[in-house]
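Take this structure, written in structure tokens, and hold onto it; I'll ask about it next.
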Amino acid sequence: MSTLHIFSKPLSHYCTNALENLISSDDTVLLVGDACYNIKQYRQFSAALHLLKEDATARAITLSEYDVDIDYNQFVELTLTSQNTITW
Amino acid sequence: MKNILVISQHGPFDDQHMRESLDTTLIFAAIEQNISWLLSGDAVLALKKHQKPEVLGIKNYFKTIKTLELYDVENIYVCEKSLMDFNLTKDNLIIDVKVANFEQQRLLISQQHQVVTL
Amino acid sequence: MAQFVLSLHTAPTDHDCTQRLIKFTQACLDSGHTISAVFLYQAGVYHASQHLELASDELPVSRLWQELNAKSIPLLLCVTAAEKRGLDIENTGVFTVAGLAEFAMLAADADKWVQFK
Amino acid sequence: MAQFVLSLHTAPTDHDCTQRLIKFTQACLDSGHTISAVFLYQAGVYHASQHLELASDELPVSRLWQELNAKSIPLLLCVTAAEKRGLDIENTGVFTVAGLAEFAMLAADADKWVQFK
Amino acid sequence: MKNILVISQHGPFDDQHMRESLDTTLIFAAIEQNISWLLSGDAVLALKKHQKPEVLGIKNYFKTIKTLELYDVENIYVCEKSLMDFNLTKDNLIIDVKVANFEQQRLLISQQHQVVTL
Amino acid sequence: MSTLHIFSKPLSHYCTNALENLISSDDTVLLVGDACYNIKQYRQFSAALHLLKEDATARAITLSEYDVDIDYNQFVELTLTSQNTITW
């Protein structure tokens, strides 16, 4: 099983520039909150980004065909199908 | 009358940074100082069109940004590079702003009596 | 069905994060899971203040916590984090003052620990 | 001699920043300058809490504020910032509750405004 | 017994982040979980030798870091790249740590039941 | 007169990567608090960095011959000889 990486802030918020190196190729990346604004920059973290649907909608974010938008029930489900969860 | 500049760099929903930037800008306008507001980095996202925080149950303070004009706050500057970073142009913003390159931002700073970052 | 612990690390001024924790909690319950604690840590302890005064068009933070409490979810806050932040630990409303060790035991027993920040 | 206003933007858990503002204030006075206000804004308002409980080997935050108060420096806090953060504005010790406009006027009149964060 | 990892990325005096990281690490050791602590980014500076916060009137919590050994907390990892960014080597640190490259850090994360960032 | 730029956090803390572009060549850069740790990185901001002496000492920072360490009285003086002050 893999890790679910949750990002809630724009990339500029994090006190390290090494985060992408801590994400394994089979991990899942979920953008919530203001992290949704940085969808373009977060693509380097994962080919298939997950976004919390209402957080992206509130911020008028346009998803690409590769992105997956999920609701809260699916968010809960993602934490259960992952080995562990990291909120950065 | 003093020249006072508020500089904002935080994202729209990052704690209360942008709302307190807006409050401070409006207050200095109300007491008739020559106020300017510079939005740079993630802060430029607060001006992006079509956002709907009501979806989240959060107050839509973006509407208050639109009232700046009513209070005669005309000196609203946006960092050109930051707009580019987020693929935004003036047409994507909810208010009319002055797009400033780095040289213009340095000039703006040099003309101030007080500068506050929020 | 799984057992969750959730921790909140941001102050009540972060309405976005607060709302996210509340909605996640609701979705957990809707899916039949159990939440053994929502734990306030770091700046999250300020949520237990009884002096939040928000305008009527703002996120009704205090009411949201009361609703979670009505669903019998244990709402805990870290006493050490609270004392050094100036929170009045004698008046914490629906929140119960707890030690970090108490929460750590719940976290170790839980299937999943999700942080909100 | 110059007239200063100082503003503090970080919570009392940031001992490093608190100490820096206190020492800057002292140096201002030593050099014969005037401080028309120290203003608590953003998370800085939590400094006015009367419930800070720090161990004896920690920075004595409350005592440092009392010492500044004894030197007749006006210590103000922003009422709006305080209300949305859950600070009890009825019990603010040596700090006086003020509006943002009141501070803005002091800042506009001052020769220098220095922020601490 | 669970595998639990605390990840720290904030600077030594940045609010209480590092102190609360240390508290959490010690508590999980006290309740006999298999605790690990990973310091990355600015957090590695908390392990730098010869620091004297007493000069500032601030409590020297670095001393508490040295007590980790007494509580049998042996799995302390430091990001190799972060050390290099600050021109530090293992010899410049107040405690003995495991220096981990990115692959080792990913492996560490994959072995945990719970991961907490503070 | 020029601007006094005060940095109190490591560079990674700031929500923008454009700060160096807001500093004019005759401005003064002062490092206090945890910003002192990043003395090497802040050198790109100014050839002559100022550091608050006790903040640098507490953090065991070694200054180069080009750096200027100042006490609190000199810090006050710097704010007065500058046109304005920005705390980033």
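The chains carry the letters A, B, C, D, E and F, assigned in the order they are written, with residues numbered from 1 in each.
Going forward, a contact is a pair of C-beta atoms (placed from the backbone, for glycine too) under 8 Å apart; a residue touches a chain by one contact, two chains touch by 3 or more.
Just so it is clear, the model here is predicted, and its values are computed rather than measured.
Student: Comparing B-F against B-D, which pair counts more contacting C-beta pairs?
Tutor: The comparison resolves to B-F.
Student: What's the farthest chain from chain A if centres are computed as the mean of the Cα atoms?
Tutor: D
Student: Starting from the Cα centroid of chain B, hunt down the chain whose centroid lies farthest away.
Tutor: Between chain B and the rest, the longest centre separation is with E.
Student: Hey, how far is the Cα centre of chain A from the one of chain F, in Å?
Tutor: Each chain reduced to its C-alpha mean, chain A and chain F end up 35 Å apart.
Student: Please tell me the distance, in whole Å, between the geometric centres of chain A and chain C computed from their C-alpha atoms.
Tutor: Roughly 23 Å separates the two chain centres.
Student: Please tell me the distance, in whole Å, between the geometric centres of chain A and chain B computed from their C-alpha atoms.
Tutor: 28
Student: When the centre of a chain is set as the mean of its C-alpha atoms, what distance in Å lies between chain C and chain F?
Tutor: 39
Student: Multi-chain contacts in chain C: which residues touch at least two other chains?
Tutor: 11, 13, 16, 58, 84, 112-113, 115, 117
Student: Find every residue in chain B that makes contact with two or more other chains and list them.
Tutor: Residues 11, 13-14, 16, 41-42, 56, 58, 114, 117.
Student: Where does chain F touch two or more other chains at once, residue-wise?
Tutor: 10, 12-17, 33-34, 55, 85, 87
Student: Across the complex, what residues on chain F touch chain B?
Tutor: 2-3, 14-18, 21-24, 83-88
Student: So in the complex, which bits of chain A are touching chain C?
Tutor: Spelled out, the residues of chain A in touch with chain C are 6, 8, 32-34, 52, 55, 71-73, 75-77, 79-80, 85, 87.
Student: Per the contact definition, I'd like the list of chain C residues that touch chain D in the complex.
Tutor: Interface residues on the chain C side: 11-13, 43, 46-47, 49-54, 58, 83-89.
Student: State the interface residues of chain F toward chain E in the complex, per the touch definition above.
Tutor: Those residues of chain F that touch chain E are 9-10, 12-13, 33-34, 37, 40, 54-55, 57-60.
Student: Within the complex, which stretch of chain C touches chain A?
Tutor: Contact set of chain C toward chain A: 2, 4, 16-17, 20, 23-24, 26-28, 30-31, 33, 111-117.
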